[in-house]
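Input: a single structure, listed below in structure tokens.
Just so it is clear, A, B, C, D and E label the chains in written order, and each chain counts residues from 1 on its own.
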Amino acid sequence: MSIPWVEKYRPKTLKDLIDQEEAKKKLISWLESWSRGKPTKKAVLLYGPPGSGKTAIVHAAANDFDLEVIEVNASDFRTATALERTIARTIRERSLFGKRGRLALLDEVDGLSLHQDVGAIDAIIRIVENSRIPIIMTANNPWDPRFRDLRNISLLIEMKKLNQRDVITVLKRICLKERIKVDTNVLRIIARRSRGDLRAAINDLQAIGEGRRSIRVEDLDVLIPRAAQINMFEIVRTVLTAKTPEQAKSVLALPSLDYQMLFHWINENLPYQYSESIEALAAAYDALSKADMYFGRINRTQNWSLLPYALELMTAGVAVVPGKPRFRFVKYSFPQKLKMLSRMRELRMVRDSILSIIARKCHVSRAVANTEILPYIKIIYKENPEYGRKILKWLGIDEKRFKSLS
Amino acid sequence: MSEALWVEKYRPKVLEEMVNQEEIVSRLKQFVKAKAVPHLLFAGPPGTGKTTAALALARELYGERWRENVLELNASDERGIQTIRLRVKDYARTMALGDVPYKLIILDEADNMTSDAQQALRRIMELYSRTARFCLIANYVSKIIEPIQSRCAIFRFQPLEKDDIIERLKFIAEKEGVSVTEDGLEAIWEVSRGDLRKAINTLQAASALGTVDSRAVYRVVGRVTPEEIREMLLLALRGEFIKARECLRDLLISYGLSGVDIIRMIHSEIMNPRTKLEIPDEARVELADIAGEINFRMVEGADEEIQLSAFLAKIALLGRKYRIG
Amino acid sequence: MSEALWVEKYRPKVLEEMVNQEEIVSRLKQFVKAKAVPHLLFAGPPGTGKTTAALALARELYGERWRENVLELNASDERGIQTIRLRVKDYARTMALGDVPYKLIILDEADNMTSDAQQALRRIMELYSRTARFCLIANYVSKIIEPIQSRCAIFRFQPLEKDDIIERLKFIAEKEGVSVTEDGLEAIWEVSRGDLRKAINTLQAASALGTVDSRAVYRVVGRVTPEEIREMLLLALRGEFIKARECLRDLLISYGLSGVDIIRMIHSEIMNPRTKLEIPDEARVELADIAGEINFRMVEGADEEIQLSAFLAKIALLGRKYRIG
Amino acid sequence: MSEALWVEKYRPKVLEEMVNQEEIVSRLKQFVKAKAVPHLLFAGPPGTGKTTAALALARELYGERWRENVLELNASDERGIQTIRLRVKDYARTMALGDVPYKLIILDEADNMTSDAQQALRRIMELYSRTARFCLIANYVSKIIEPIQSRCAIFRFQPLEKDDIIERLKFIAEKEGVSVTEDGLEAIWEVSRGDLRKAINTLQAASALGTVDSRAVYRVVGRVTPEEIREMLLLALRGEFIKARECLRDLLISYGLSGVDIIRMIHSEIMNPRTKLEIPDEARVELADIAGEINFRMVEGADEEIQLSAFLAKIALLGRKYRIG
Amino acid sequence: MSEALWVEKYRPKVLEEMVNQEEIVSRLKQFVKAKAVPHLLFAGPPGTGKTTAALALARELYGERWRENVLELNASDERGIQTIRLRVKDYARTMALGDVPYKLIILDEADNMTSDAQQALRRIMELYSRTARFCLIANYVSKIIEPIQSRCAIFRFQPLEKDDIIERLKFIAEKEGVSVTEDGLEAIWEVSRGDLRKAINTLQAASALGTVDSRAVYRVVGRVTPEEIREMLLLALRGEFIKARECLRDLLISYGLSGVDIIRMIHSEIMNPRTKLEIPDEARVELADIAGEINFRMVEGADEEIQLSAFLAKIALLGRKYRIG
């Protein structure tokens, strides 16, 4: 009676789990490879945004395969010794409950604490190497450099953000069971605000639906949309086309505005809106550049009293410039930089690994390797690929990785 | 006048009494009625009743036994990852007493918890959802990690309206036998904006000086009145530099302000759209940059006197550039 | 002349004797009379009598037994709140001796505590509120967190007036048999402003050189006389850059000043409304701006020689712009 | 042509073989002979043999077992002094193998450490002085704090003479069966000056194109700097800001260049007498001036892309002023 | 020539021998005579004899047993005040040996201590005032907190005069059998100014190269000759920007100088009243201004090459303005 709906309606089997077909398929075939005794990788790293169903899929699959789940999560101490005591012992023991087998769930590895969970990653790698049972790890963001070794020993399975339609489907199902009359409009708003986070959507539904027989759109007003669900396109337009400092600054009052995100958006779109006046563009960029100096100073000194100045410069400072072009409608775009974040990370990883090899071999730092040695190797490879290949071989650099650099 | 802190003395004990958060109150009452409380995140500016609401909810939910079923942790308690993994987890794990099958764990100022500690909280909220509910209180949602946001219903606490605050102040003043003038109430509103706690604290502090009028209010909060700031700014903008400097010196001394304080006040006065300074918008934006620069220098340890003079000097130069005065 | 430090020797023992803080004194005496002292926060610039007032209050409150009932802590002494917690705990545990039912804990330089430590302090204040009263001493109220402010009666100490300081100095000089000239007193006022402690210390130090005249005063505080500063400024303004540089170098070397010191002196000469430096106000404004910039650069660790040259260079450019000399 | 990078293949293995640093070599050999090596500081411009000398010294000191007794660290790659401390601690804990009673720790780019980190380093040096000797490598002695300098024997490496470099290049070319013309050698000298590493790298890259003549050399040099740098400059000068920014992003992302790298390359593009950039000298000068300002802001700021975009916008203004494109 | 460091070898052993600090010497001798030494604060620029005076005082005070009764600490060495506290405690606990009832603790570079540490030091001084006297050594009095200043007898050490320094150098050179030319002595004076330690060190280093002439002096201090600096400046002023930059690169590379070094030299060339740099005074002024700006940027961590180019660019703009060359 008092179980939260997210628990109450948690999928019991993979069949109940909405969408995520690809993840299901991969997970099933990996678990089946265990039953054949020959898994290619002993661990799965299941990743995806919050509320995409990572933990749910594991429990549902365990249910389907009749496996007992041994779980360690961020609320447990996860130092090397603690892990050794808990998980490492059980992966070698037989099941107590007469089930067919066990599955270890290392939940929330992105919650490993740098200070408290000392040596955890190395311990996990040892555990995976010695394990005789399947191990699944979950994380929101697997691209953190400290997970590099974990990635290498794991099969990566991505849980996608759910689309709005799927979220609405689930919400409708719940309303039916809870006997709540609800307008599809309400569900659509909840689904949109959840940005693919099903758990958040269900929580919102319960928050306004609990004890009610019907829900209206106004009932949603008590809830705060989760971070950054504001329409950035509108916000940027407000800033860039503002006529007074107040108009430009008004966006700062929005609840849960992610100002760092806004900074990227303004940087991205400023040149489009101001393209007609170089003078205005230069002045606006000057303001952005000053704002950035404050951000840098805040980072270094941790003195947050400087934040208001940065925020003002990046809004009012950008909006109120001499020679500002007259308003015209310009199509804005999502910040390239954020879009390319994962590609940048991959590239950087490849580059770093190559530079580390050169740095070690040639006794220089990675930075020097990048500007003083790598360019020559590139020229040689381009002009004389055969010779270039030999040098790469001598260095011990994989040619395919090298080529992906540019 | 009683000795106790008025904010505590007049804190509403039941949801009904809360000042002007009807929507939220009605939602919370339904939870109480159904005895079904989801994980909650109360978000909004200081002094909008978040903690009050959490405590009132607890009282209505558990009645007499509320103390036994509620764990309150606030910023001054240790709330690192250790505490979450040991104390909070242990508490959440054990059975509740009475007819509500779960306990309530209130984490005040949750946005000040380290992200490590927040991480440790995630799975506890799910695994022990039968025996415990969490109520997190935060000023900024964005400082709560996403996975926790996703596990909560997030309630928005709005800053209180002027009328509501003034009405409450009048109520308290009467109870305490304090005389308050109209401009005193105005001034309290001005310095506290939608923050009821600050408003009440200010009232209490100012009442120690006698009748609460605007002078008393600005005095106790150590804040220069907008007029004084404007006067000094105008002197500087008009190039009456030495006079502006003397004026600033007086303000610093008589209000006991530090250099950074005064810079911050001047800055907010400049950017305040209701301020009556007649200067072009571009100049105002430049002033913000100047204030930031000087503030930074002071933070880095530069000499306050010299930097404040430089600040006024820069303002004077601006005045010259835009031909003000 | 006695050997002891005069600031200690002539520190008022009772509230009545305090120099020119009548309002504060009268409020404090009421507390003493009622034997009801709330937590106190004494705020104001250095040398305005805050510590003196705290000690005098203690003496009047406890009489003979004051030493046994007062704990003096210095926030910048005791590293961290842990020590404070322990010492206060130990101290507040035992009962007060005599007829006042609580002890007095004087916490100097409280605004040097981190806000975390202040949060902890606030808990301590609550915990021991039955058996102890706190008297916090700070330069700036604004650096004390709000929850503490609202628990304290706040007293703002103003810098002393010129007449009061000079009168006190004359009194001490007479007692000590020191001869002081009028311009010596002027000079002490000039270098100490409203800071009585500094004024007395300067008097004592200068008296070691014989008669206290302005030369002796500037000598002991290691300060260049205004004339010398003016001369150098004028050279620079007239474009005699290299000469001004040599002049500056001499000042630095013969007075053993640091670059920041000299900037400070130049600044106070520029800002002095009674200065004999005859330059237009516009130029004065720009000078102040420049001084701020150079002061900041030095604080950041830039080379002093180069920066001082740059300072003089900017002054020379200014002189050219305003056609001075 | 061999498969190895020639800089490594022809790196001298013993001190004797080093190119033209006789004085340094003879002093180092004395240390080896006495098996008494003090802490060392090798300073000098890039490509003058500092690292080579350190490695050769290690080989001569420890013979066969040199690898086991030497720890190579690069200050710019290690994450802070803590990591360095840990690695040194781990390493210096065990006894040296062989007949030399201490190990050798080579710390490259030591002048990239902050002075705080250097203070910590100095402590580490003292702590392990029994079991380890440090060989610090730096470009500038003056960026090493004095207490470290005074604990080290300092060796200053001079840039190599033209003849030495050319002789070495000829030797390598012959060994590798590469044909080189006189003007090719001249050109390599011209672009590398006293930097032997750069000279050898250029030789090897040019030889990949066939005969090494001046054309081949300049072709290589032109391509060490990515084409996008020139393109970006021209686009910006023509006012095509958005396209210029595309180029910039490519440089930051695909080339993995840091902001300072990019400014440095822009710089050498502006300064290069042979550049294909057709802009008046005045514009060149102004560009260099702006580059200095932006570089400063980059250091103060947080986001290199923003600062470089601001740079491009300023360049666009400049382009308009000089009517370029 | 002996192997020992000449600064040590020729350090005066008794107060009498000190070079040109008569007034100080006579005051110190009085203390010795009365065996009544107060706490001391020796302040002044480097190389003016502060440490020498402290040691000589110790010798005269304790005679043979001076080593047992003196503790020498270096404030910037010892990690924090804790170490100082411990060492002083250990040391001051035991009784002084001989007929002086207290020990002497010499604390070098006391002005490098944070003000917190100085506060703690002050307590230590009070705590052990019976059994120990402190002699603090500092460059600037103003960086010592007031409470310490007021507990000490302050001695200000002046930089030595040219004649005194040259006389001392001649004396040492003769004793060591070193030949020195007149322009060599001039050059040593030029690079050391009133700093005797630096002067002697330079003499010793230069003597290793043979006869000490100006070339040898500039060589050992790693300083470019004024001619080279002038040449580069003139190229830039004439607008030959690219050539000036080449010239600069040579200086950086062949002398192994850092950017800050170069700026410092340019600065001293600009400021030298006897320079042969023939440019109008107005230009000189602006150069000094620019040098300040660039020096600051470098201190903040900006890239040296880029900043030096920006410097030259600004000089070129200046040259155009004043139509030089």
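The rule is short, and it goes like this: a contact is a pair of C-beta atoms (placed from the backbone, for glycine too) under 8 Å apart; a residue touches a chain by one contact, two chains touch by 3 or more.
The structure presented is a predicted model; accordingly, all values stated were derived computationally and were not measured.
Listed by label, the chains touching chain C and chain D alike are E. Superposing the C-alpha atoms of chain B onto chain E requires a rotation of 135 degrees, rounded to the nearest 5.
At the interface between chain C and chain E, two copies of one sequence, fewer than half of the residue numbers in use are shared by both copies.
Taking B-C and A-B together, the chain pair joined by more C-beta contacts is A-B.
Rounded to a whole number, the gap between the C-alpha centres of chain B and chain D is 53 angstrom. Separating the CA-averaged centres of chain A and chain B is a span of 32 Å. Multi-chain contact residues of chain C (touching two or more other chains) are listed as 260, 300. Each of the following residues of chain A touches two or more other chains: 290, 297. If touching chains are joined by edges, the resulting network of the protein chains shown is one closed cycle, each chain touching exactly two neighbours.
If you walk the ring beginning with chain D and heading to chain E next, you pass the chains as D, E, C, B, A. On chain E, the positions that touch chain C within their shared complex are 43-45, 116, 119-120, 123, 139-143, 146, 150, 156-159, 194, 260, 263-264, 267, 270-271, 273, 281-282, 284-289, 291-293, 295-296, 299-300. On the side of chain B, the complex with chain A involves touching residues 23-24, 27, 30-31, 33-39, 43, 81-82, 84-85, 89, 100-102, 116, 119-124, 126-127, 129-130, 140-142, 146-147, 149-156, 260, 264, 267, 271, 273, 281-282, 284-285, 288-289, 291-292, 295-296, 299-300. Chain C contributes residues 5, 74, 76-77, 198, 201, 204-205, 222, 239, 241-242, 245-246, 253-258, 260-261, 294, 297, 300-303, 305-307, 309-314, 316-317, 320 to its touches with chain E in the complex. Residues 263, 267, 271-272, 275, 278-279, 281-282, 284-286, 288-290, 292-293, 295-297, 299, 336-337, 340, 343-344, 347-348, 351, 359, 361-368, 370-373, 375-377, 379-380, 383-384, 387-388, 390-391, 393-395, 405-406 of chain A are the ones that touch chain D when the two sit in their complex. Residues 1-7, 49-51, 55, 73-77, 107-108, 110-111, 113-116, 140, 197, 199-200, 203-204, 206-208, 210-212, 221-224, 226-228, 244-246, 249, 255-258, 287, 290, 294, 297, 301, 303, 305-306, 308-310, 312-313, 316-317, 320-322 of chain A are the ones that touch chain B when the two sit in their complex.
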